[in-house]
Structures are given as C-alpha cells and as structure tokens.
Amino acid sequence: MMKAARLFLDWYPREGSQLGPREIKGKVAQEGSKFWRNPRVEIVQEPLPRIGPTEVLIKVRACGICGSDVLMAAFDGEGYTRYGYIMGNGVIIGHEFSGEIVEMGRRIDEYQRRIGKEVFKAGTPVTAQCVVNCGLCEKCKEGKFDECWLTEERGFSLDGAMAEYAVADFRHIYSLEDLSEKYSGEELFLAGALIEPLAGVYKALISIAGSLNPGDNAVVIGGGPIGLAGVALLKVIGAATVILFEPSPQRREIAKAVGADYAFDPGKVNLTEVILELTKGIGAKIYFEAAGVAASIGSDIDFLFKAGEAGSKLVLMGHGEENAMICTETLISGYNVVVGSHGHSGVWRNVIRMVATGLIDPRKMITQKITLEEVPEWLTILRSNKEEGKVIVVF
Amino acid sequence: MMKAARLFLDWYPREGSQLGPREIKGKVAQEGSKFWRNPRVEIVQEPLPRIGPTEVLIKVRACGICGSDVLMAAFDGEGYTRYGYIMGNGVIIGHEFSGEIVEMGRRIDEYQRRIGKEVFKAGTPVTAQCVVNCGLCEKCKEGKFDECWLTEERGFSLDGAMAEYAVADFRHIYSLEDLSEKYSGEELFLAGALIEPLAGVYKALISIAGSLNPGDNAVVIGGGPIGLAGVALLKVIGAATVILFEPSPQRREIAKAVGADYAFDPGKVNLTEVILELTKGIGAKIYFEAAGVAASIGSDIDFLFKAGEAGSKLVLMGHGEENAMICTETLISGYNVVVGSHGHSGVWRNVIRMVATGLIDPRKMITQKITLEEVPEWLTILRSNKEEGKVIVVF
Amino acid sequence: MMKAARLFLDWYPREGSQLGPREIKGKVAQEGSKFWRNPRVEIVQEPLPRIGPTEVLIKVRACGICGSDVLMAAFDGEGYTRYGYIMGNGVIIGHEFSGEIVEMGRRIDEYQRRIGKEVFKAGTPVTAQCVVNCGLCEKCKEGKFDECWLTEERGFSLDGAMAEYAVADFRHIYSLEDLSEKYSGEELFLAGALIEPLAGVYKALISIAGSLNPGDNAVVIGGGPIGLAGVALLKVIGAATVILFEPSPQRREIAKAVGADYAFDPGKVNLTEVILELTKGIGAKIYFEAAGVAASIGSDIDFLFKAGEAGSKLVLMGHGEENAMICTETLISGYNVVVGSHGHSGVWRNVIRMVATGLIDPRKMITQKITLEEVPEWLTILRSNKEEGKVIVVF
Amino acid sequence: MMKAARLFLDWYPREGSQLGPREIKGKVAQEGSKFWRNPRVEIVQEPLPRIGPTEVLIKVRACGICGSDVLMAAFDGEGYTRYGYIMGNGVIIGHEFSGEIVEMGRRIDEYQRRIGKEVFKAGTPVTAQCVVNCGLCEKCKEGKFDECWLTEERGFSLDGAMAEYAVADFRHIYSLEDLSEKYSGEELFLAGALIEPLAGVYKALISIAGSLNPGDNAVVIGGGPIGLAGVALLKVIGAATVILFEPSPQRREIAKAVGADYAFDPGKVNLTEVILELTKGIGAKIYFEAAGVAASIGSDIDFLFKAGEAGSKLVLMGHGEENAMICTETLISGYNVVVGSHGHSGVWRNVIRMVATGLIDPRKMITQKITLEEVPEWLTILRSNKEEGKVIVVF
C-alpha cells in the first residue's frame, strides 16, 4: 500500500462549453477552468500501481509543488478551478520529482541488452518529464514532442508523483546517476526533483528564444521558482548583468544566491530607470516574463524596447489573466521580438549535466521541505503566500 | 540646371514636443508628425549638386513613389504631416531609384586602383540605399547600420532622387551591371529602382524573422508594393502556399503574377477559415503584415496561432495608427513569435542577384509610369487610391 | 502470396572484425562490407506479411532503386559487398517507395478516434521513412531520430518495399493524400516514391547545413539522383545560380529540367574557372558534394574557398572510398565550413508539401520504369551505368 | 619624442612569387613569408605621430605580445619570416593594447555633439581593433568588416601600439570606461589590452561556430593565450565540462584558474580515452583547435566524432604548417562540422562587458610584465618558450 495526493473535481461545464474530441465527460478536460469545480486534494491510501512492459516503478524521494498544482487546487468565486489547461479527475498530482527505480518492465532489460549498456536498473535515481506525448502523431514523428496532438500530462491528466510510488514509461525517464558526483542521499533527490522546472526555463530561453550573446544583459520579471531558474540559467550562459524584479525580500535573496547581479522590489523603484541605468542605456537583450504580469508591464517593455538597443526579446513564460498590449510600432522600429514557451522536451540531459557539474544548484531555491500529509495545507497557503522559493515534499 | 521635387514644411511643434539632441529647429525632426505642418511638394529648377571626394553624381533614370512619400505629403486635420519618422525641410524626396553614374569623386578612382577592379565608372547603372548611416557610432562599428545612432535618410532628411540628378556616397551605392543580362534600356532602370523596397522585405523576412523552412505556408496581409514584394520573395524561397489578402482587384492580379497561389478580398471571405482550409488546418509559418492593420487583425492572428501548428511568426512591417493587442497566452502555448523590421542594410547584393537572374521581376508591380511633373498630383491621388501597384517616375 | 526481391548474403567476417553489441552472427552487421560476401538478389514467392497492432500493410505501387541497393548487391575482388553500413541477411530490399494502405493494425483506429481525425484508412496513399528508430534511447527522447542508438533501416536490416506488399509502423508512415491535387494514378505513386531521396537532401541542405540566403549561388557535384534532388531543392529555395557538374549528358539534361542554370561535364571544363566566371568571382555559398568524390575535388574546393567570398559551406552527402584533405588554413582565413549529413527524419511533411504544390516534381528524375523481375538485372547494370536518373519499379 | 618597436624587413620575393594588386614592392606583402627576409625588431626614438580629423592619439599603457608578433620576427632556414599574412616594412608592431586618449581629431567633437553624448574625451581609457577595414568595399557595405577587400592590420601593415603613443581612427576604438568598476590604475589597462585576443576567440566560438548549448561539453587543444581565452569563454557560457590539453604545466595551471575543469599533458594521456571517459562517452560538442596541430590530431578528432554523439564541431583557430586530413565519411555519418575563424570585428562591446562585469578576468593569463626595451629579447625567447601565458609590455 502507498499514500498519494489525489485531486478530485466536480464536472460542471460552464455555459456554452463544448466537449472537444479529446475531452471525456467527467474524466478529462483540455481547459480545466471551463469544466471543473470544487477541487480538493486528499491523501489517500491505495495499492501500488502496476507497470507495463516498457514502464518503471519509481519509489518517489522528492516532489516539488509547482504553481500549476496550486492553481488546480484553487478556485474562483463560482468554485471553478483556476487552472486553464488539461486536467483529469481523481488524478495523483505532482510532476517535479525524483526517485529510485524499484521495478522495471520486462521489455526494458531486453532493450538494454540490445544496446549493450545498462543505463537503468533497480536503484538508479531518475526523474521523468511530465509531457507524455503520444509518439504517433505528425508532430511526434518530427521529434516535436511538446507539440504532440494528443499530449497527456503526468500529474494533470495522468497519475503524477505526489505519492510514495510513481510509474513512468521508459521513454520519459532520465537517469540522475551523474548527480552523484556532487550530491548524495536526500540532496541528490532534492536537486533531481528540480530538473523539471529548469528544463522548462531552458527550453524557453535557449531552444525557443535562441539564447543571448555572452556579454548581453538580461532582466527577469518575477522571482518565483520559474523566475529564479531563469536568473540562474541566464547568469551561467554569460549574461553580463542579470537584474531581477520581485516584491518578496526572501525571493530576492535567493535570486542573488543563484546569480542575480541586482534584485529590486518593483514597488520601490522605477523599473525602466533602474534597467537603463544599470545597463548604461542599452537595456537588456532578454526580458524574461515569469510572473504573469505582461499585461501590466507592457508599456514598460515598450519604453525599454524604444530606449535601449535594437533586437531585444520579450520571452513569455508566466501565465497572466489578461492579455498584454504589445506596441507593434516599437517592434518594427527596433527589430524587437516577443515569443512564448511552456514545454520542456528535448533538453533534459543538458540540464542534468548542468546540475551534475555544479553550474546550477537548484537546491538553493528550496525554502520549505514538507511531508506528503502537509500538501493540501501548503496548496492553500501558496494561494496567497508569494514569499516562498520552492516548497518540496520529501519522502 | 535640373528639375527636382522638393518637400517644403512649416515648423510648428505640437504642444509638449521637445527637441532631441539630433533635431534642429526648422530643419530636421526625428518624428515628423510632431513638428511639421503644411507639407507641399514643388517641382523646382536648380543647379546640379556638387559631389565630394567619395561621392558619385547619378543621372536618375527611374524613381518609385513609396508609401512614405505619400504620408510625408499628406496631412491630418490640423495640417500636420502624417509621417512619423525623420523628416527635413526643403529636402528632395525619393529613395527608390536607379540611374547612371555621370561623375565620380576623385578618391574613388584611387580606391579602385588599390583593390584592382573597377566596379564603378561613368555609365555604370546603380542604385543606392536610403539609410545613410554615420559609420562611427557603436552600432556602425558592429556593422548594424540600420541601427545607427545618427542615421540620416536619403529622401527624408537628405536630398533624395526624385530629381534629374542625385548624389550618393560611394559606400551606399550598388552596381546594377548584373541586371543587363536580363534587362536593357529603361527596363533595367525600372527593375533597378525597385531593389530598395525588395531589400526592406528581404531584411524583414530573411534576416530578421529568420525565413521559413521550404514547404511551409505563408500568408501576406496587404497587397501594396511591400506586400507584393513579400509575396514574390516568399514564393521564391520555397513557401508551399502563399495566400494574399487585399481588397483591390488590380493588386490581387499582380499578386498572382508575382507568385501568390491565392489572393482574396478580405472583405468577402472569412480570413481564418480560408487560411485553415487552404493550409489543411496547419496554418502558415509566416504571417507577413504589410498593411498596417495589425490592430484590427490581431484576434484573427490569435485564432490562427491557436488553431494552426506551433512555431508561427507574425512579421510586422506595415505602420498602423493603433497598437495591436497580442494575446500573450497564445504565444506561450504555441511557441509563436511576433517580430518587426523596417531597415534594409546588408542585403542589397543578394537582392540584386535575385533580380538579375530573374528569380524576381519587380517590374510586374508597376502600374503607372509618370513624369517628374506629375509627382505632386500622384502624391495626392495615392492618399486615397489603394488600387495601384507601384507608381514610378521615369526620366 | 506475393513476390519480393530478397538479398541473400554469406557471413564471412574479414580478419580482425569483431562483433559489436548490436551485431548478430549470420544475421546483421553494422558495417556490411566487413562481414558479408556473395550478395545475390532473388525474386521470391512468399505469403503476405502479418501486421502488428500499430502497423499497416501497404500494397506497394512504386519503389526506386537507390545507390545503396546497387552497392549492397555489388562486390569487390574478394566477393565482399561494397556497402559499408547496416545490412541484414535475407532482407527484402527497397526503401524509396509508395503504395496504398490495405490493412491497418487495430490500435490505429482507436488512436485516430482519440485525435478526432482519420488521417489514414484503407486506400490512403502513403510512403514511409526507412529510418526505423527505437523510440527509447536518449537520442530518440530528444527527437533526434536519425541519431538513434539502435536504428534499424527498412530495406537494409528490416524487410523493405521491393515487393508487392510491405509493412510499416504507423509512426513511420506519411500520407500522400495531398499529392492527389496535382497527380493521379500511377503518377502519384511515382512522385511519392521519390519523397525519400528528397527528404535526405532536404535534411542535409536545410536542417543540417542551414540553407543559404536567397540570392546566393550554389554548386552541385554529381548528377545522380541525390545531386539532381539537390539541384531541384537549391533552385526552389532561391539560389541565384545553380551550377551542376556531371559527366553524363542525360543527367545534365535532367538537371536543367529540374532547375540547374548550368550543367557541365567536369571532364571538359575547368571547374574552378567556370564557377568563378559564372558567379562573377564570388563563388558559391553551398558546394553540395553528391558524387563521393570529395577526395579528388578537395583542392578545387580549397581554391574556390580562397578565391570566392568568405563563409562558404561544403556539404557532404556522397560516400567516397577515400578521405578528403581539407585545407584547414583556408577554413580559418575564410570562415568556411565543411559539414556532412545522411539521415532524413523530421522533414517529410515539408517535402511532401513541396511536391504536392508542384514546387518540385521528382518524376522528372525518372529515366527507367521497370518490373520487379527486372530488379536483379538492373542492380547489375547500375554498377557501371552512370547515365540513368532514377530507375523505378512500378507494380 | 617617443619610443617604439619597429619591425624592419628585406624585400626578397621567393621564386615564382608574383605581386598582387594590393602588394607594393618593398613596402607591403599579403603573404609575408613569401617576400620578406631578415626580420629585426628595433626600439627607435621618434617624434609623436600626428592625427587626422577623425583620429585619436592614445598614450599606450599596456601592449601584449601576440603569437603573430613572434612569428613575424622569427625566420626559417633561408631567413624568411615565418608569418604568412599581411606584413609591411618598417611598421610599429603591437595590436593587443590599451591606453588613454590624449588628443582627439577635430571632427570627433563635432560628431559627439550631434549624437548628444561624449563617449570619448581626453583621459578616456580605450583599446582598438587591429582590423582596419576600408569601409567602402562590398563586404564593408554589408557590415562584414573582417572580410573587407582591402583590410589593413594595425601592427602588421600599419603602425601598431608597441610604442609610447599610438593612433587609431575613431571608428576602430572602444571605450574601456566600464572596466573602472572592477579594475583601477594599471590593472584596468592590463585587462583592457587583452580584449583583443578575447574578441578573436569570441568571434570564432560564438559568431562563427554558433556556440554550444549550455550543458554541452567542450575540449580545447592548446593552452597558449588563444586556448586559454577559449577555456575562459567556454566555461562562462555554460559548458558542462571544459577539458584542456597542453604540455606546459604553467599553462595548465592558468587554464584551471580561468575555468578548465580538467587540464592534461597530451604527451602523458591518451587524448581520446580521457575525453570519452570524462564526458561519459558522449564526447564534446566543440573541439577548439588553438595550437595549430589540426594535422596531427586529425585522426583523434575523427575517432571522437565517431565515438561520441553526433553534431560536434571542430573549430579551427590555430595556424598550422600542415593541412589536416578530415575524414569526410565521419562528417557524413555524424552530422559533424569543421569550421575556421580568425577575425574579431563586431563583438568588442560584448567582450568588454564580460570583462567589466567580471565574467572573464584576462589578467589571469599574464605571466610576464616587461618593458618596451625587453620586447626584442622576448620575441626571441618566445620562439622556443611555450610555457608562458601572456607576456605583456607595461608603459
């Protein structure tokens, strides 16, 4: 038997909502907040899951709480969940995790014999991506797994890892063996559980936005875990100056620990003035929006695009409730770019190497280690508490 | 003596407008529409210009009327020019031109002896870029001439080519000699005068937006000269399907002649439906906005970004009066990009080779050949007439 | 019952050859020419293959003979096959093919219901990639299927399509439905069978070498099917001038038909002189080596790199028997690049759209249509005949 | 009066050497080692140079000795200089320098008034690029200054900075003002003099080779100043593991100080084994050749390309006496790339920001500070001494 944190929901489509081909009444919705009400997370006792021939059973050792977890469990005035993407009913939440393999499907051994190396075995520390792509659609055929026509998401529409044991297909797991050179015991699993948010930020800044040139400046808006991961990554790829804006003093402290050259409370300084002064008038090459406030900082970005040097990029990762106004004229006159990203496929091994060699130590983002039983409470706390770095369940 | 079309203006700063370091009272303003009133274009008789040691004197043979020329000579209810960028008083307009060298500064010969080839001599057909970069600022040092701190613009703040003779510095001219393989006489100069708008579109779509992959689809909004140049370029770089939207039947006809697979009147079809149907649901990789209507088609683009495949780009080149709302959430979920461009430096030789080898024949865009005397009249006509392709002065 | 062309081999490892983990005595070798002797292709009668739950059975309608097929069936003085890559014994050859689906595995229907569209059904015209990647290794997890640790190849180590029926997994097939707008009947299948070689060339020139800028020049060495596909692709992406070198007059004629601006017999002209003259001294941006003669043209390329403009690329796709000497000093002084490619994953839908919309018509490369029974004879003929374009089996 | 180190040469063309259009008998040769004999460097006393209207006079404060300086002053058995690129007779050597502006040409003030900021004035610390491009040729028009048709080189064909005073045109100097935040006095000028070699390495690895992805591994061959700069840059852009090979223990120590994770004596270890072990079998993404030994390590690179993961790049910057054999088959099967670079235009401000913010501290490479009078002696010493990092003249 094992304990797990499951999310239960009530099916209550908003007026006018129509079921798409990939949605199943009472089971799964593509845009959660249009269908599900009364989210509640419960710690349940249940038998261990069974694995298929290409799957592994993982004893979970650490699992971070993501902003999406908080949003799924939060609700608006009418009781609808606040999370607007794929959500299934009764699913184990949790997708930022690490653990040890305890059992492997029979086809995996056979496969590893054929390739002549045993990458995975009982005891191997691993993490897994939450994008569970179908492998069969036209996008999967092109290797663009984050654009899969039929993506499921571990911890959203499929059982996740906020539980003592989790299951993942062989093609979605990554070995954390290399981390053992710098980390051991629980520390390895703490670092390993945070590969996932780093991978999302890596995909956004490196794969999608095309990085920056070493010696360029960078600005990060928002010092939650995604913003902090952005700070760490931008500094380690050669940004001359990384400037963070974040109201929480605790988060600003972490930002400095992971690489920010400057960290300001946006309520206490003039954002555009500070940036232009610290960058000596040229502005940043990358503005990384990780707070979901693009709508309210749009005119600042517009001003910076105009005042600074040409060819800047606004990289969007934070989900906001309002759309942002982009001044198209400023893009035209300054060759500026606005681009967004959300997935994480294809970059995991590079991120693991960055952590394994110590370039990035994601444990610095952790501010709370909690138990599985405390998860429901922390999901509530985090609705309003915007001071924490990463809150992580340790098993 | 020669004839020239000069633009005269009255200095009348709007309330609150402040002079920047690069503006000169009564002579030049960076944002024309904030300072200049009562624009009038007059055909004047005057002595030929003199050339400096690194300059050439060009006998102009053809000069196109650009949308900017029309805007400079147009005015709003208070009489202010409608053009919002750099404008000088009393300047000869015209920047899309070609002609023959009739005289060369003395340092050019010396220079050509040193390089051991005579690229330019009396009689050489040439065109010139209108970006007259300073060559000394930090951006010029980096070869990014379009981002020059002190750019002047031929035909805007410096004398242009809507005249029987024009002057250009050696470092801003390009030989049209290669065009003589496909074109002769006036035809060569007609094609040569239209290198400039092609160069702007090449810079936007290839250098700044990063092109598309052959076999991707493309959509062009607006069938004026810039949109038509976009159609021609996109087709010749391997777009599978190029779809144009443009109200004018004449322009739609030209679009088909230069490469559009389809051309629709946006008032008569549902833009998003047509695009999704013709692209079999995947949408376009590039949406090229060349009509200045980003504000009004924003929601269509948003819909297409969501319905089509991920990784699309909205490339902005058309100046609009309103800002466009970009749905940031759609950029995040689909890895989509919005980017703008306006310059043309660095791409001229490639564009000339494309015209010289017949890949693009810009003459197909010409709908009116006029005389210099007719310029003032056509500048008025073109304020409301949105049916023409390119109107070009032939000398 | 069906007819098929199977390749039989004798296991006879050369002295010193050691079996790797992925090789199986008497069954499959990674470097064929080190293990296999006495290749013979026989037309056999046998029962139709059975399909698994995610596979389709395809009635083959056309299948091209590739240079690799010729090499597998050819042998050196000691009787060893001339093909140096993966080869299995008793395998049906053929990997450039098209056909119609006649039966689908049961899981495919279920899958298509879930995605809400029926891309494939009985009667759908299809082709399939020959790279049969494992889907499980670290490279497959990154979407880099051509670098799969455990790749099998249809027609090399797995049964191919030189047979009346062939089997392919759902994740390796591509619909040719779009071709029906321009082609019908046999013509559709002829065009469809040649998607595979086009995909290899697309991968090399676009995905790996990074294309060229429109208006750049290109040179192709070798006018066999790969070189001809290179000519067609380079012209359609905006190369100003495409120059082919190929001894066979027939192939030169085809080259002109598919887009070459010039086609020369390299035995009759001075390659470097011709290129420098036709490109007016600047040389080509891409030199596409499709003849396997890099070793013998190395010094010409070196000369061209030096004489022409900087930043040129030598793109290697032709397998040669000797290594080429690259003058590293010329790369340093001219920022030149040498790069190679061989796979074809990830680009199929774009290539199909290019054929479907008529940008490229690969049927122009076909010089012989033959029957399955004639395959063994033509494999022998093609060892010495270097005059044909594509020889294709029609069913 | 000032002291300067001038290089005197005897004009003695090797048999068969022909003068090109840009060479002047007895004055300047494009390939020095084919024309010049008996190089001798002398410390001369002479009047201060005069500046033109767009030039500045710089009081030199530090000037590094580059490998090219050593080669120019070295000679082969027949007395010919060992340097094979542009060389003029009687020129002041030195091109890695920094100093303070002491006088400015009259047009600079006028220019700075127009842009509204005073970037340069008497006392401003500066460095200058050695590429003195013509500004007029077709490549300069495209902003590709390193490919200028008529490049002169400061310290090679024009007077350099191994002197108490040097002259540079306004468009070739860069302010070192930003360095004053981290460095002061002599330290600022030591750091500033080494911007030039860093810029060359930045151009090669970032601009030309296209960088690596953060988390990739990198190998550097050769721990002279160029190799050391490569180590520092690669580490600071996110290479997971940087491995250096260099025989000198002193240089290996410096390598570790500037960022190498490992530094080996290539005579004492098996290069390929070490690399594969430390990279866990995947090899490096970038192999940076900075020792001029591509010819002798060609087969190692070939082995590594084959054994490691696909898509690796060999980046060449070291000038060797022999050409290297590149196994084209390995490039084809592994999508590998060979590319070279030598210039440094366009990247200076980014490099200066990297030094100013402390990302790279080039002073760590300095092993000897000498006086101008010691230059001739050190040029001799450095022919055989391959132990030093950077030897730098302090004024």
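So that you can tell them apart, the chains are marked A, B, C and D in the order they are listed, and the count of residues begins at 1 in each.
The criterion applied here is as follows: a residue touches a chain if its C-beta (ideal position, glycine included) is under 8 Å from a C-beta of that chain, and two chains touch if they have at least 3 such contacts.
Predicted, not measured: the structure shown is a model, and the values here were computed from it.
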Same or different for chain A and chain C, when you check if over half of the residue numbers at their contact belong to both copies? same
Enter the angle, 0 to 180° in steps of 5, of the rotation superposing CA atoms of chain A on those of chain B. 180
Approximate Å spacing (C-alpha centroids) for the pair chain B, chain C: 42
Measuring centre to centre with CA averages, how many angstrom lie between chain B and chain D? 40
Could you list the positions in chain B whose residues touch two or more of the other chains? 144, 349
Residue numbers on chain C that touch chain D, as the complex places them: 139, 144, 146-147, 208, 289, 294-295, 309-311, 316-317, 319-320, 323-343
Using the touch definition from the top, list the residues of chain A that touch chain D in their complex. 178, 202, 206, 211, 213-217, 233, 236-238, 240-241, 261, 280, 349-354, 356-357, 359
So in the complex, which bits of chain A are touching chain C? 20-22, 54, 111, 114-117, 119, 134-138, 140-145, 149-150, 170-172, 174, 345-349
